[in-house]
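Here come two complexes built around chain A, the first alongside chain B, the second alongside chain C.
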Partner chain A sequence: MAGANGECQNGAVLDQWHPLGAIDEAEPNVVHVTRLLGESISFAVTPEGRSAVWRTRGDLAAGMPVDPESVAGTLPSRCEFLYVWTSLGDPPERSFDIPEFFEPDRRNFNACTIGLRTSAPRAVENFLDMGHFPFVHDGLLGSEPRTEVVDYNVHVDGDTNEVWATECQFWQPAASATATEGQMVDYVYRIMQPYSILLYKSCPAAPERMDLIGLFVQATSEEHCRGHMFLSLIDDESSIGHIRRFVQTIFAQDVPIIENQNPKRLPLDPQAETPIRSDRASILYRRWLSDLGVTYAVIPAA
Partner chain B sequence: MIKLYDYVLSVNCYKQRLMMSILDVEYETVPVDFFPGWEHKGEEFRKINPLGHIPVIDDDGYILWDAHAILVYLAAKYDPSGRWYPTGDPGLLGETASWMLFAEGTTNTASAARLCVNLGYDFDLEACQAGAHRLFRVLDEHLWFREREGREWVCSGAHPTIADIALFPDVVLSEEGGISRLDYPALRRWTDRVKRIPGFEGMPGIFPASRGVEV
Partner chain C sequence: MTADPFTMWHPVASEHDVPYRHVHHGQLLGRELAVWRADDDFVNVWENRCLHRGLRLSIGSNDGTELRCQYHGWRYANRSAGCTYIPAHPADAPARTICNRTFPSVERYGLIWSGESPVGEPPTVDVLEAGTPFGLRNLPVHASAELAVRHLQAHRFLPSGRLGAESAAMSVEWADEYAVALTATTDTDDGSASTAVFFVQPVDSGRSVIRAVLAETPAASEQMAVLRHHATELNGLVARIEAEAALLPAPEPMVPVLQQVPLHLAEVPEAPSGRQAALRVQVRRKWETAAGVAAFELAPIEGVLPTFQPGAHIDVHLPNGLVRQYSITNGPGETSYYRLGVKLEPDSTGGSVCLHETVREGDVLAISEPRNNFPLRRDSMRTILLAGGIGITPLLAMAQSLDRMSLAFELHCFAQSAEHTAFSDVLDGLGESVVRHLGLPPDETVAEIRRLVATPDEFTHVYVCGPGPMLEAARREAAEAGWPDDHVHFEYFKNTTEIDDSSTFEVALARSALTVTVPSGSTILEVLRESGVPLPSSCEQGACGTCVATVLEGEPDHQDVYLNDSDHEAGDRIMTCVSRALSDRLVLDL
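Let's turn to the complex of A and B:
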């Protein structure tokens, strides 16, 4: 069984698709080395955007030229939604859908890949939380005294087994790179996999459509991760540098908050940390992780 | 107006934003897609700085790079009181230069560790962290003795200098590189004093100083 000798023994996590890096940022036909679930993992992409992923080995060191299609003994891999993905177990045929990604007028790109000294689910949970906006992202995603998180709905989709938080609303002084004034912003959160979350957010350029911001987290170990920030925006005005600056500012404001949460692994016992009313999404997220049998990077309920 | 070629998460760029904010100098930023775009390594940007690094300022056609050199220039030109870069006091000026060189060390250790952890730079993380602790120990002791003399800043004058500005970002963001400041109480008190300098501006990852109690 794959993964049997690795640090992670948790089938529910091994069988998932995990992101390794942005396809565009990996020089083609060269070995790239990263970490996943406590193991050293190597990958390479072809100029056409096909990938090969394997457990790191001596004859293919980082930076060496390689024809990805000639590598033997590879792990499952796919290039999808901007990133190279792999699995250390038996992954499902399909991971998840993002139909909006294929709309021709969208700009899809990686905003950044940032390493965090905390567990993957802590990063997902922070991304899911609106309550911290006025305090951590003052002047951008929130502002005192408008701190109220209006009631919203949460459910697990029966067909896809994804967590959804819908009808979320928050007042934001500068909701996006193009915002010029404060506005009430609509949010929908969607957790597709234990460590992958997508946010649908009111789009200033097209009121009837949504911008998509994803956080696809690569659990490098139980208490370390890399967050890949996926963007699919309707915005033909801003430069990529301008948008990245906006998104990275917000991400970096979160870093000290996330890294100071202890324990670093996410406790799934409902008694472990005290939620408030606005935490309904994270309560469901934690219960859903338990139901999926996730034990890696979390502290399972007793 | 001064143009600052800037990356929002760069400590060396932040040093310039902080200095200009304190000196109340008007400037505009030109965002450089440093990460993950590596725009500063591209052909276009190398026409501005052939070394391919930021920050760079363009002050009405006068181009200057290297973070600590820019601080010297900004203070010399835009601080009429002459206190931030104390050219009128040879002793103090020497101290300032000495601690500016020390700050090269904190940038190459503490801030390098942060690049490793956050942006995946391929440095020797443990060596960076160990180097930062060695320097923090020295700086903490130094500041502790300064406090005993009733002095608040890195150099011996009554007013902060560009050395404080050069050191502050490397120190205050060290936790992001896995370098705890738990063992350096004088260093922590000094970061709070810097945060209370009039005109202080933070950057993502820096908590503002707590508000004083209003009476």
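Let's turn to the complex of A and C:
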């Protein structure tokens, strides 16, 4: 739901924590300007990794030096899981947890931030979808004729109200930057917030553990967004550049697809599109968005 | 009164916008369209939206018969726009009829005409009907159709043969809301004149496309100059139209209503139960092996295919949701694929049509493991194989096995003609053991069968597969000649018996210590499945023999064609998919 200036009036979305950018990609003590939910938002970080976020104003223009801790009239903000987060409403004390992030042998970094001409939920739903791998990511995440999506389980966690899709499996010719041959890969999907999703994927380097790939989406307007690709990997071998190139190749393959969906906002009416069994995760995601009262960047069910 | 643009025909593309294997992105009255020409020259005008996830079909691929969505590989058929293949679920989808939205299309004057819900036929224009229409370049305009039509009435150009003239007299032949016809005449002595019709496609409230057609095709040597002249003049016109449009307030874009999918499609279908399709194979090769018979080589996606024996069949779970049985035709040692032969039966319920028309090389199919309910004995001195038409398929596997083992056999192939004989190349390799009976009328076929089975022999076995009347004849002739039942083996394609399922009875399962009631309208197989007793099945019409159960007590009401008369009389086996009980209670060894 948008206000007169395209601004968000939807409490369920305003009260969420939203990512604005990667902490270590923002020059410290300088004003950075971005957009969130139809508004211009500015932020700055200290060299120590503390943040300030405020509605953009004339006296603090993009690129100006600033002491973040001296800015008055700020919005709620936190630096967590690689990104600066803010909220335009009344956010919860905690957003979500990623315990694996703190394991000492993991490499955590932002793989890329990519602007998308589509709604945030369309980007999340694409991230949640295995059926497109052989067609959009041919030779990397899938390959014809291994097109079958075997049945998996979905549920909403009663304690955290997060959407989970478990026991997902898909055959992949090059599942990761280190993969050298095809394999069945185990996936678990977890949607923590309306526009934030994490993927747990079997890890080639440590069979008992999982690599984490997150897509934290910043809804700049109802039909535009920026996707921040979060990685938490167990991989001592690959260079960060190599991993980034791999992830960016995948993401770049998705862009022309999700920018060509019509309508751009995610329709929540069950009769808007045609689900099949492999879409059980997105069915549940859409229902869950309805139940949360999300009306921004979606077409609510009548 | 202004005509309703939603009930009118409009041009949505030019012929050259829709070459073969291309998908044109069009738009009319705000609605996006995917316009594509199939190899049979039918031009499809569809909503530019895959029903699955709303992806634009204009970025899909046109293979000449179907449009494939780029996102999940769903395929939609030429003309009907029905979905024929969903790669994510090769075993069971799309059992439901998923159909994209289509709009009518007509080709006329080098243009593709369509509309939201057009009434009648596209307009006929006398000057174009009488002439030799010649399409000019299309010009998109950032202005409403109304503004474009208004400016077009003052448009100027020169007659085709007088491009060097200073000017021409212009007259408006006619004009309506979306078209203007103009004639240019030079006032030289011969009064040279050209007429052009300018159709305006209302793309959206503030956008349109001018599609101009000259009434007469210029001489080949002048065409380039004529095209260049009109392009120059129309570019000037478009600049004037857009200059005026820029002064007007931008109109709100039109918002086309996207249709809802039917309620039954909005629900996620249940996983299929019952017949299982454990294997995934890829169609490695598909070819026409005889008139109306398609052959398929199905190769494993990974690993090796399960072992089969001559006479075995597999269930093929088709993309349209049907399950059909086909015999494996392979000879011994041909283990890297299963080869099937499928005769097109246009009157059937859609199994063969789907395999012939929809399934293609590269597709993934779900199939069952091979089952053999038509086993070949290899301990007889001689084997007679009688094949009617496509009934050759199981017997072909048998013949190759017998040939490899140097066992005496005759394979009699009854077919309409040589062109109708499937797998001729394999038959040729079997040499003189193959006897072809081509083009025999029914009475001569019966006479030939009578001759072939005239002498019963305890060291000979007979195997018959073919259409129902041929099987009945072979059964009758063999019995009359005195063959014991257990020396004559049949495989039916289907059971044409009218099934009577009106009785109600009890079934007790001796090993499971379970008693269930089979009500009228349900089969033993269904009731056992509902009670959690899994029983394999295949054809589910009493022809293939897969769902057999041993009868310990009670009198079966046989309605199958798999068991022979002696089996029926013995009453110790029952086909649970169609047969029932004459007694109140059956005890089965399950």
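The rule we apply is simple: the second predicted complex is superposed on the first by the 296 of 302 C-alpha atoms of A that agree within 3 Å, B and C clash if a C-alpha of one lies under 4 Å from a C-alpha of the other, contacts with A are read in each partner's own complex, and residues count from 1 in each chain.
In this section, a residue touches a chain if its C-beta (ideal position, glycine included) is under 8 Å from a C-beta of that chain, and two chains touch if they have at least 3 such contacts.
Predicted model only: the values in this text are computed from it and were never measured.
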Superpose on chain A as described above, then tell me if chain B and chain C fit or clash. fit
With the two complexes superposed on chain A, say which partner A:P256 touches: chain B (first), chain C (second), both, or neither. both
In the superposed arrangement, which partner chain does A:I283 touch: chain B (first), chain C (second), both, or neither? second
Vertex chain A angle, Cα centres of chain C and chain B, expressed to the nearest 10 degrees: 70
Between chain B and chain C, which makes contact with more of the residues in chain A? C
Mind working out whether A:D151 is in touch with chain B, chain C, both or neither, as first, second, both or neither? second
So in the superposed three-chain picture, is A:F135 touching just chain B, just chain C, both, or none of them (first/second/both/neither)? second
For A:P275, is the partner it touches chain B (first), chain C (second), both, or none of the two (neither)? second
Is A:R245 touching the first partner chain B, the second partner chain C, both, or neither of them? first
To be precise, I mean the smallest distance between any C-alpha of chain B and any C-alpha of chain C in the superposed model; what is it in Å? 5
Where on chain A do the contacts from chain B and from chain C line up? 256
Chain B - residues contacting chain A, complex: 7-9, 31-33, 35-37, 39, 116-120, 175-176, 178, 203-205, 207
Mind listing the chain A positions that touch chain C in their complex? 125, 131-132, 134-136, 144-149, 151, 256-257, 260-263, 267, 269-280, 283
Per the contact definition, I'd like the list of chain C residues that touch chain A in the complex. 32, 48-49, 51-56, 59, 70-73, 86-91, 93-94, 98, 258, 260-263, 265-269, 271, 280, 282, 301, 362-364
Show me the residue ranges of chain A that touch chain B in the complex, using the header's touch definition. 22, 25, 110, 112-117, 226, 239-242, 244-245, 248-253, 255-256, 259
